[in-house]
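Below you'll find the structures, each written out as structure tokens.
Next come two complexes, and both contain subunit A; in the first it sits with subunit B, in the second with subunit C.
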Partner chain A sequence: MERSQWAKVGGYRMRTDLAYDSEGHMWVERLGGGRVRVGLDPLGLEINGTLAQLAMIPVGTEVQRGEPLGSLEAEKFVGPLRAPLSGVVAATNDTVVENPGLVEQDPFGCWLVELEVLPGSVEDAELVEGPSVPGWFAEQVQEYRDKGVLAE
Partner chain B sequence: MTDLGAPVELRAGPGRRELTVTGEGPAAARVSPDWVRISGASAMALRFRSGRFGRELASGGINLLLNYEEGCRSDCAYCGLARTRPGDYEDKSFIRVEWPLVRTDELVERMARAEDRLTRLCISMVTSPLAYRHTCVITEQIRSAVRTPLSILVAPPTLNRAKLEQFHELGVDMIGVGLDAVTEELFRSLRTEVPAGGAGLSWTKYWSVVDDARDVFGPWKVNCHTLVGLGETDRDLVETFVRLREREIFSYLFCFNPEPDSRLGGRPKSPLRRWRRMQLVKHLIESAGYDRDNFGFDAAGNLELLRGTTSEVEAAVADGVAFMTNGCPGEQGEPGCTRPYGSYRPSEQFRDFPFRPEPGDMRAILDELALDDIFEREVRA
Partner chain C sequence: MGRAVTVPEQLRVLELGTVSPLRSQTLWHAIAKEVSGGETPTLSFLRTDAGCVSIGYHRSLDEVDVGHCSRRGWPVYRRMVGGGPVFLDGAQLLFQISLPAKAVPASRGQALRSLLGPAVAAFRAAGVPARLDEEMEVVVADRKVCGYGAGQIDAAVVLVGNLIESFDHESATSVLEVPDPVSRSELLRLMRRYVGCPEDTSADARAFIGAAVDAFAGALGLRPRSGELSGAELDHMELLDRKFVDGGWLAGPDRPRSAGWKAKIRSGVWVLTGRSGGVRVRASVVGNRVERMDIEAPGDGEVRSAAAGVTGRTLAEARALLCECGAFGRAAAEAIGQAGVLVG
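Moving on, here comes the complex of A and B:
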């Protein structure tokens, strides 16, 4: 099994060996055989404030990219977790649904959903990966700082 | 409500976390006046904490809460800070939201920097022998650095008229009194005759502080918090709204939402229909001069009739202000203390709106009100 690669960007510890949905701040890990694991990156978590509840759609549901895989409720915010790729939900992580605080402790260690990716979905997705990740993420951090969403 | 896209069945676990003060380490020595708690929304507004609101809204109200090792000496049946509510004081929530602990001097510095975005400041006292003196210290600290109007939500057992006069001299603009329970019997059972002792909370004392505050601060500079859902009747609420209006005192309505593990933790939250109707009734009494005769009740005291002119009532509903958060205003009379998501979860319908309801909100409000069931038109008393 390959070792994870990490970098510190904008004050956050990021995995640079994963792909990221450029809008929803979901990370995507390719598991092989057309299956991916999806989770929330640390910025995607922090911008919402203290996490209160996670909800996922049932296994077997087909979603198109951008549609809700579930929802996230925080102290003062509620919103959808949008699918970074089109696919069929193959598994959901019931442990984090029951204890959402785990995701805040370890966003990369806590996947939310596994998807069986639909043909052509990866090519259509707007994923950031490889050497682009640190630069893209640093810009995102600055954007949210400018909006006043991040603590000083 | 946030658009979640196509309707799908969501599977939520039992894992709803009750949010409490966390991540600050031991709070033992961090007490007022050097330290205060601030509401989650205040912490976000001043960037002590990361986060955003579910709807686009600006929140310029900053709410402070005194903090003591022994906590609040009161033991109110519905309150998150009640002495007999299980858990350490520093881990307790208050009106169901987190209150992070911050250094007072850093808070004042941040408020001064953010002054142009702030609309109203409020210090909430707790029942403690130190509370009055420390409220004065913090008030002076704030007044020397920030111009934003300042309210105090007082702890009546700690006060008398002279102390209220001192608050006024220090530059406090408005006084709030958390009466909460609107009948003497209810007040006594929930706040006075309680397991840990009443700590000086009495119906008579609360009303004497209301009267003194009204004398000292003037008309429409005092507000009384009234909770809908503690076991009172609609008639009790109407009587209270009229009584306060006659003295030129605001009623600030709060919707009961059970605090987990409090003695009323198992009591259901106020039904939305009743809540919406009480919002409208209070608004008509306070802003349109409606009186007891405009309302009819069944034998149990439930509202069953609203008598009024169609144009007046329809205008009051359509205006939307009736359904906004009751809070002290900003300097120019704009909404000041809006407490977004203070008594409802972000995933629930707004109980009180921290902004003027939008057309989609108004459609929901009309459904919730079901006004045709109680409205007897054109019979303004």
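Moving on, here comes the complex of A and C:
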């Protein structure tokens, strides 16, 4: 089994062996056979605030990239969890739905949804991955800091 | 050749009057949908002409005493924004600000502060000396005077809230599913203590509307103008009218069932109960610290007396203390944990 690769970027502990959706701040782990796991990255968590509720769409539902995979609630604010790839929901992590605080404790240890990526999907190209991950994430952190979204 | 004139962006203001309970919910959802599709940012005001219950998007319908609501003729609707189940009636002016998601800060906390700030200014103009406290509650002293919820509906963000002219604490408590009469009594006591304007404060709804228009327009850099609902909004509202009375929608997303029970009165103020190993615990939490705790543990005086010793402590501290009181104490700590209150 391959070991996870980590780096500290912009004050956040990041897995550098995963792919990332820059818009929704979701991480994507390829499981093989066209299946991926999806979770929230640390920046996505910080922007949303303390998670009070999570809900996922039912297993078997097909979603297109950018459509809601589910929803989260923090600070009485409900927002969508956007699919980073088009696919069919193969599994949901009911443990984190019952206890959203687990995601805050360990964002990379708590996946939210598994997707069977749709055949022929070309959206992979839009994910950030490989050597470009640390630089991209550092830029994102700086951009949010410049906007005053994150504390220095 | 004339100079190009830049028309400042506008804030559409809709005073929608008094509407049915159903429309008190579907109207602003329809507006948010259209703002998502490019309609002008909109500040709207309305009242319901009868009592009803609105439950937040993620919350379990089990939190509402649906049978009681039905007997009283109070319909229950699920909204698409956050927060818990709330009782609405004609003594509350409901307000909503809908704007493109890109117009609000990416941080949810900052977005809420930016939208609650103008609301607080409007409260003060209406004669309610409100402030936004560190727990993001709109308060006068320690009383919550505005319920609110927010959410992203497609590409729009909407914040909804209420100006409470007169709060019906009994009805607001009665719509909630509560496990026993003592807990209901405690809920009512804390609701009276911590929700609604102080008795010597009265809210002027007309002043609130005028001040809210100025405050939101100023904060958002928009020019206010009176407007009307568009045809598209009316069409969308009719679709939502059907959606909101659909049983599947009302049931909401699948939620895990909690073994315990809790009700939040305002931030940091809770009533909770739990049962484990033959022990039943009932607690009132104020300022995130135990104000009262009763433990029913047959034949175990030690754990019952320990309950008196947890007053003033956080729930985490109370659980740690109880765990030192033998099997019944550990069961009491487990019972508290079942309620799942997210405080220390």
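A few comments on the model shown:
Simple rule for what comes next: the second predicted complex is superposed on the first by the 146 of 152 C-alpha atoms of A that agree within 3 Å, B and C clash if a C-alpha of one lies under 4 Å from a C-alpha of the other, contacts with A are read in each partner's own complex, and residues count from 1 in each chain.
In this text, contacts are C-beta pairs under 8 Å (C-beta built on N, C-alpha and C of every residue); 3 or more make two chains touch, one makes a residue touch a chain.
Nothing here was measured: the structure is a model prediction, and the numbers come from that model.
Applying the stated contact rule after C-alpha superposition, one finds that A:146 touches neither subunit B nor subunit C. Taking subunit B and subunit C in turn and counting the residues of subunit A each one touches, the greater count comes from B. Of the two partner chains placed by the overlay, subunit B and subunit C both lie in contact with A:47.
In the superposition on chain A, A:75 makes contact with both subunit B and subunit C. Of the two partner chains placed by superposition, subunit B and subunit C are both touched by A:98. When the two complexes are overlaid on their common chain A, residue A:61 makes contact with subunit B while staying clear of subunit C. Overlap of the subunit B and subunit C interfaces on subunit A: residues 46-50, 52-56, 58, 71, 73-80, 94, 97-98, 101, 148-150.
Partner subunit C is touched in their complex by these residues of subunit A: 46-50, 52-56, 58, 71, 73-80, 94, 97-98, 101, 144, 147-150.
Per the touch definition, subunit C reaches subunit A in the complex via residues 56-59, 80-83, 105-112, 136, 148-152, 253-256, 342.
Across the complex, subunit B meets subunit A through its residues 1-6, 8-17, 19, 22, 40-41, 44, 47-54, 97-98, 340-341, 345-347. By the touch criterion given at the top, residues 46-58, 61, 66-68, 70-71, 73-80, 82, 92, 94, 96-101, 148-152 of subunit A touch subunit B in their complex.
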